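Labels for the chains are A, B, C, D, E, F, G, H, I and J, by order of writing; each one numbers its residues from 1.
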Amino acid sequence: MEVNLPPEMDPDVKADILAREKAYSQELQKGGEWKNIWRCAGQYSNLSIFDVDSNDRLHEILWNLPLFPYMRMEITPLAQHPSDIALLDS
Amino acid sequence: MEVNLPPEMDPDVKADILAREKAYSQELQKGGEWKNIWRCAGQYSNLSIFDVDSNDRLHEILWNLPLFPYMRMEITPLAQHPSDIALLDS
Amino acid sequence: MEVNLPPEMDPDVKADILAREKAYSQELQKGGEWKNIWRCAGQYSNLSIFDVDSNDRLHEILWNLPLFPYMRMEITPLAQHPSDIALLDS
Amino acid sequence: MEVNLPPEMDPDVKADILAREKAYSQELQKGGEWKNIWRCAGQYSNLSIFDVDSNDRLHEILWNLPLFPYMRMEITPLAQHPSDIALLDS
Amino acid sequence: MEVNLPPEMDPDVKADILAREKAYSQELQKGGEWKNIWRCAGQYSNLSIFDVDSNDRLHEILWNLPLFPYMRMEITPLAQHPSDIALLDS
Amino acid sequence: MEVNLPPEMDPDVKADILAREKAYSQELQKGGEWKNIWRCAGQYSNLSIFDVDSNDRLHEILWNLPLFPYMRMEITPLAQHPSDIALLDS
Amino acid sequence: MEVNLPPEMDPDVKADILAREKAYSQELQKGGEWKNIWRCAGQYSNLSIFDVDSNDRLHEILWNLPLFPYMRMEITPLAQHPSDIALLDS
Amino acid sequence: MEVNLPPEMDPDVKADILAREKAYSQELQKGGEWKNIWRCAGQYSNLSIFDVDSNDRLHEILWNLPLFPYMRMEITPLAQHPSDIALLDS
Amino acid sequence: MEVNLPPEMDPDVKADILAREKAYSQELQKGGEWKNIWRCAGQYSNLSIFDVDSNDRLHEILWNLPLFPYMRMEITPLAQHPSDIALLDS
Amino acid sequence: MEVNLPPEMDPDVKADILAREKAYSQELQKGGEWKNIWRCAGQYSNLSIFDVDSNDRLHEILWNLPLFPYMRMEITPLAQHPSDIALLDS
């Protein structure tokens, strides 16, 4: 997810949208669907891992991001990897 | 990490290299430096997260992958994200 | 899904692999998971729509394609579109 | 079809154009020329399948989309695939 | 259409395939479906215009090109342009 | 030639520039230098064939297009193809 | 790091931001974390080498660049090269 | 060097900047450092050859182009070619 | 023009083809059609300027390069630039 | 500089070429023309800084790299940056 906010954006509008984005993200992290979020160093972008039941739910989450209109994202569907040690536990 | 094995590769050579790759990956996962590995659905490639002390250590790990000569990879340095709920715990 | 068979491939090997690919695809079409397949005009590639329960199942289907080692593919996760008239029926 | 609406667009103008887009799409879906529409998860874009008599008709449909001036699209001409089970019925 | 023949190809095989390609192209040109062919200067590639009834027919023509296994092509569906003076004659 | 008119353009300015573009194109088509023009289906762009005496003349024609400041174009120099049946007539 | 300042930017605002950028860069150069900076000839961009303790520190430095909102950058993590003569000294 | 002037630019400002650009270029051509300039047919861009003493001098020339803020350029460092007939004269 | 010779090429075959390439290039340079040739520093490629009567002649020259089967090239049609001081002399 | 050695290369040939590459690089580092070399983490490639008198010398150095036939490289001409603190010392 890459964010592109226009430099001339009103500071109050910007502060509000960023606060809502953070609250929204943390709520989903607490709920377990947004498993990880990392900042890509030197970029206004992040790498996130989602664990959701369907593509419809994934789209609903992303579409409602307060920053969605300012973002570009790439989605890579992930599956279990046969070398994952989580498979050894079962 | 994208793997590109030639289709005409000797089956025994292939089986050996894949077994060594799996053992190598699982050892590093157990040691905690290779934090996650997912299969990219429909691709012979994976998305992995590493937690290492330095770029030198990261390179050492990747360079010694048994499949390294057959791989192409992109590295994205990750930092803590200010919205990460892990920051709320401290 | 783009297929890249080496022109010098043995004709019998090629005929066998193509026959297995066709049978495999048609079995999955009949089962309902492989919903559509179209030939991209002028290309040795196709556009296919899958309806599966999970990314794991999608990967299992694609990984076992007889032509998988000769293919490159791009996966786009699809969700319901709010303008889809199927939504009007319910 | 990828949509790129400027974030500062007037809300009423936006609501009007989106309502007209939806009505236009559903009319063509009911008429059978716009066979499928899916939302690409996490994107403001869709994947659509058209079944039309000619390139001229395809262009007429797309050119008249209310959102056309805000869209970028790629067109892939599709043909029947020899593995399509629809061929088995005849 | 871009041609990529391996430099080490047997000269007789190459001469035969090129002769068949030329005959095939000229037959379709005479029949009116292959309307134009130009050489892209300095490239082993051509720009061609086809006038066919359907995508299925277009694919059939291209798939049967003797050089098809050595080619990469891009297809752009063309429609009538409103500024075309052919429209003035009617 | 791909046209990119800003959606907020004044309708009268737009109508005027499009009328001048059409007249300019048709004059050159009648003169024989602008041999063909097709609409790329689903795009605000065209594929055109020019038959001119020099690169200088080609540039003069394109530079004076009323829509030139709103266009991006790619130029591919074309030569006679040895399979062109026009060569059989002479 | 590529800079893209809008040509219509207010000259005073521009002079201020550039002065702050220069002071910020030189302070970090003196501190040893910003090891090198070169201008890419003919570009409004630079190539810089950083020597920092972590990705978090790297991101903090870059995020606080006065020109950050106007920049695009690519980050390449660097490790020691086995042919580096610095290794001969130890 | 590709020029991208906004279509809505004030005509007087534009005429002034273009006149200064032309004078600047011709002065450097007469001085011998700007050896060649060609217009890329159908583009608002040029291909130029410079013969300068250093990268610093090259950057100084390009940075001071009146159109520099509106340009994108690619720089290819050139060396003597062993087949150049200029080498035969010495 | 970028050259890509396989590293395992027979040294005598390579020496012969390179000698023929050089002779061919120098003959055309002396004849005035191949106006300039530069080596792109650090690449096995060159930048060349041709002055020919037609695209057909340009293609004939390039197609007959001894290294043509090992080359990839991009052609940019060039026209006179209005700032060229050669225009001042007439 | 990105290295691409075929996996099936003879181990002795490979060891010899790598030893010669290392000696060649270190000699130029000691001579001061090859100022820096870093390994790009996770890649078989390096980032190097050269300080040479001319493009001709740069090309001579790179062309004679033992690994040159197996490499792809991008060259970015660098100039002094106005924020470089080296400028403060003089």
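Quick notes
FYI, a residue touches a chain if its C-beta (ideal position, glycine included) is under 8 Å from a C-beta of that chain, and two chains touch if they have at least 3 such contacts.
Keep in mind the model is a prediction, meaning the values are calculated, not measured.
Separation of chain C from chain F in touch steps, taking the shortest path, is 2.
To fit its Cα atoms onto chain E, chain D must turn through 180 degrees, a value rounded to the nearest 5. The interface of D-E is repeated, with over half of its contact pairs matching by residue number, by H-J among A-B, G-H or H-J. Shared numbers divided by all numbers used gives the overlap of an interface; between chain G and chain H this overlap falls below half, so the copies present different residues.
Here the CA centre of chain F is 29 Å from the CA centre of chain I. Averaging Cα coordinates per chain places chain C and chain D 22 Å apart. Mean C-alpha position of chain F lies 46 Å from that of chain J. Shown for chain D are the residues in touch with two or more other chains, namely 39, 41-42, 55-56, 58-59, 75, 77-80.
Every pair of chains in contact is given here: A-B, A-C, A-D, A-G, B-C, B-G, B-J, C-D, C-E, D-E, D-F, E-F, E-I, F-H, F-I, G-H, G-J, H-I, H-J, I-J. Contacts from chain C toward chain B in the complex involve residues 55-56, 58-59, 62-63, 69-70, 73, 75. Here chain J touches chain H in the complex through residues 54-56, 58-59, 75, 77-80, going by the rule given at the top. If you check the complex, the residues on chain C that touch chain E are 5, 7, 39, 41-43.
By the touch rule above, chain F contacts chain E in their complex via residues 21-22, 25-26, 29-30, 36-42, 46-47, 49, 76-85, 88.
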